[in-house]
Amino acid sequence: MNRHTTTRHRAYMELFASARTDGKLSLTNRIVVGAILISVVLAVVGTEQQVSIDNQTVLRWAEFAFGLFFLVEYVVRLWAAAERPGDASATAKRFEWARSFFALIDLAVVVASLVPFLVTGAPIFRLVRLFRLASLLRFGEFSFALRALQAAIVDRRYDLYVTGALAGLLVLVGATALYWAESAAQPEAFGSIPRAMWWSIITLTTVGYGDVSPVTTLGKIFAAIVALSGIGLVAMPTGIIAAAFSDAMQDHRARRTAATENAE
Amino acid sequence: MNRHTTTRHRAYMELFASARTDGKLSLTNRIVVGAILISVVLAVVGTEQQVSIDNQTVLRWAEFAFGLFFLVEYVVRLWAAAERPGDASATAKRFEWARSFFALIDLAVVVASLVPFLVTGAPIFRLVRLFRLASLLRFGEFSFALRALQAAIVDRRYDLYVTGALAGLLVLVGATALYWAESAAQPEAFGSIPRAMWWSIITLTTVGYGDVSPVTTLGKIFAAIVALSGIGLVAMPTGIIAAAFSDAMQDHRARRTAATENAE
Amino acid sequence: MNRHTTTRHRAYMELFASARTDGKLSLTNRIVVGAILISVVLAVVGTEQQVSIDNQTVLRWAEFAFGLFFLVEYVVRLWAAAERPGDASATAKRFEWARSFFALIDLAVVVASLVPFLVTGAPIFRLVRLFRLASLLRFGEFSFALRALQAAIVDRRYDLYVTGALAGLLVLVGATALYWAESAAQPEAFGSIPRAMWWSIITLTTVGYGDVSPVTTLGKIFAAIVALSGIGLVAMPTGIIAAAFSDAMQDHRARRTAATENAE
Amino acid sequence: MNRHTTTRHRAYMELFASARTDGKLSLTNRIVVGAILISVVLAVVGTEQQVSIDNQTVLRWAEFAFGLFFLVEYVVRLWAAAERPGDASATAKRFEWARSFFALIDLAVVVASLVPFLVTGAPIFRLVRLFRLASLLRFGEFSFALRALQAAIVDRRYDLYVTGALAGLLVLVGATALYWAESAAQPEAFGSIPRAMWWSIITLTTVGYGDVSPVTTLGKIFAAIVALSGIGLVAMPTGIIAAAFSDAMQDHRARRTAATENAE
């Protein structure tokens, strides 16, 4: 193993969280996570006009610095990807990594971060910086949580499909009832079924802004029936995901506890 | 088996989802499901006045085409119903099918879809087209889900009846308390117990539009007590249905998984 | 057994639901339940001024008739109470029954129903008629449900006491934070901690009328933290009651199913 | 054991709830709990300006009396702390107690209660009196509940961290979507992502004040998707704490029931 390979292997171990078996993050990983969080907070706060105007120079330079940092990180990861396990050539491994979901997101974010410095205008690219958060999903517990969520959704897809359809049906029935009762009194809010669906969704999720609510007696009776019967049923699909996710996390915890006890 | 019978049997296998044992939908079934979904979306979107005026000709022709399509489907199903299992004559089997719940809904929807083209006026018939959605409940997972929901409701009818009565009692007690406290200050919203029940239901389901809310100190104290003690209890009946439905779906999934494993 | 005793025993079996072992209601019980429900609906609807003025004579006579009916029922029950099991004298048994919780409620309701016909004014007595609903709790499933709820509350009193205190603490902490942040900007709504508690309770139960909500940035940050951390914790006491009640109903159902199967 | 030690030991047994093994509160403990509750109620009610002006003298004297009472309690506890188990000297035990979490809170509250009587102004110190509630957490069931909550949070820290991050992500995604759709129409409410986060949090917790809600069609569609998909997921972290807390309370109850049965 020559000196070149050793450096590349160390870079691989430092940058690829999946390369480590203890589930912990390397120092470099921690710095990358910190940089992602700080750059996202800056991007969020920077949308506030007053903050953005007062700190224009600082924000612009910080954005440029983060853009360069993530570009360097991408290039080093591409180079170190040759260390991934397998018999393929270094170029093939790099290409395989570059086509992976997270690598494509990283590339898109790097490009979107640096484009505003090359081309004038293009303010919409600024929001793309928020996608950097998606890169966090590679790391540690999140990478597991993501797989657990995905498995939970696949495993209960029939439940989700049936309860999702039931929720949709309730939303439609509620909207139709209120359209029928209120369209004459409030044409702006209930003048069509799609308009009434806004009311229906905001009521059945129990958000209840109050920007639209029935004013006729018949409309109130229908709304009361819809609210009493629909509450809880519309929340069933997310309830199923939440329960599945919670089960998966508990399994994971139990397995880790067992592994820790065996290791001791 | 002559050629006529063979065609009829094939039509039966294609149209009646219950005839198939693998629980999958035939190509014809899929086309019917698609046609139902598209025609319902058109009916929903068509209630938006601007859309309806701009696309009057297209919507009218589409509606006529769907009406004819579902008429043809109904006639072919009636003809193919003679293939249903049993010793009765073809006419008896057809009559038996025609009296079934789903066949009656299909007939009603076909009639309601085509009547506006024969008689002028009758705009209320347009909403009947939404009942086509009910026809979807015949198919695949939904047909099971419907039976599961029905069984869950029958099985826990005492729980539903007791918790439903408790929820009703809470709504009434809340309405009476607020009627007593607020009727002088807000006669429009709390001037009678039925009016106060609107407040009571919207509060206890936690929707909380804010179109009516107590303004007196006593009213606020009562409302706070009602909200703190009633939250969760009013949602009990739907919670019971949701839990029963969820259990039934899980059983179904477990059984299907077992069946799939046995088949392999 | 002379004829008098026979009539009295029959009256006892007809009127006292607890005398029957099959848990079903006698014909007289069903009539009483119906009369209670109708008289309560009339009392509720009668608070609506327009209805009350239009049907003054009908409502007055109906109320008088129901008052007499429940007076007669009370007197007959008092007479038949002598048939209750035990060695005491008929008078002692009657006195014992008359002192029971439900008999006192019945007496109070009978008096309150007939007083407005003797004394002018006294409109507040009209609401007492709603207490007749409490008499329903004697019957069938409800009598069990009431005992189950009581047992569930006694059994989990420590949980209720601790989670209730936690909910109260959250409400107080939220109110104090918003009082601190918003009292200058909105003295009417947040000018004191008791005023801010109205906001706190309506927010933490997720009702959210919107009649009061923070307008300052600091108030919004505090409100967001309170909402995110408090949601679900304030609902814990009712959640505990709901879960205990649900368990008790399920036990009851299992026992009844077992009993039915044994009987067959 | 001389007379001095006996008195001190009795004071220790009376004041330190942890010294008793039966988990019950001594008479002195009950008086202290009562004094804390009354003084907190006075502090809360005293923030209402009208009450505060009308009863200025009474409230001032009551506050002074409570301040003295808690000062005396603190000094006696410090003196009696020498009776705590262990081999250290009396002074060492007292110093150890004085550095404990609850002793520091007690000292802070005593100082904050009496400072306004020495220094003019300093109205902010008045709110510190509410921290006295924290002293209640030493006593009986609460002391257990606190430890149970702490253990539950430590035990499920990974679940909390992952679901908390997921909730944060949902809030951010919702805020970004609405910022994108609504910032032009409502710059005051949706003009930046931090502003839109207020909407996002109030919607996803289902509070839904209605002070800000989307008005454009695109904004309503995004809001409907956010509400339907996010409901329940944002409540996951508190749901996990609530479930863990509930489990811990149930274990505690089971253990106490078992202990009571063994004792009989």
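For reference, chains read A, B, C and D in written order, and residue numbers begin at 1 within each chain.
By definition in this document, contacts are C-beta pairs under 8 Å (C-beta built on N, C-alpha and C of every residue); 3 or more make two chains touch, one makes a residue touch a chain.
All of these numbers come straight from a predicted model, not from anything done at the bench.
Undergrad: How big is the rotation relating chain A to chain B when the fit is done on Cα atoms? Please round to the nearest 5 degrees.
TA: Rotation angle, to the nearest 5: 90 degrees.
Undergrad: Examine where the copies chain C and chain D touch and state whether the two sides share over half of their residue numbers (same) or under half (different).
TA: different
Undergrad: How far is the middle of chain C from the middle of chain D, if each middle is the mean of its Cα atoms, in Å?
TA: From the centre of chain C to the centre of chain D is 33 Å.
Undergrad: Between chain A and chain C, what is the gap in Å from one C-alpha centre to the other?
TA: Each chain reduced to its C-alpha mean, chain A and chain C end up 46 Å apart.
Undergrad: I need the residues of chain A touching at least two other chains; which ones are they?
TA: Touching at least two other chains: 206-210, 239.
Undergrad: Could you please specify the touching residues of chain A with respect to chain D in the complex?
TA: Listed in rising order, the residues are 44-45, 47-49, 51, 127, 130, 133, 136, 141-142, 145, 167, 197-198, 201-202, 205-211, 234-235, 238-239, 241-242, 245-246, 249-250, 252-253.
Undergrad: Tell me, which parts of chain B touch chain C in their complex?
TA: Residues in contact with chain C: 156, 158-159, 161-163, 165-166, 169, 172, 176, 179-180, 191-195, 203, 206-210, 213, 220, 223-224, 227-233, 236, 239-240.
Undergrad: If we count contacts the way the header does, which residues on chain B are in touch with chain D in the complex?
TA: Its residues touching chain D are 206, 208-210.
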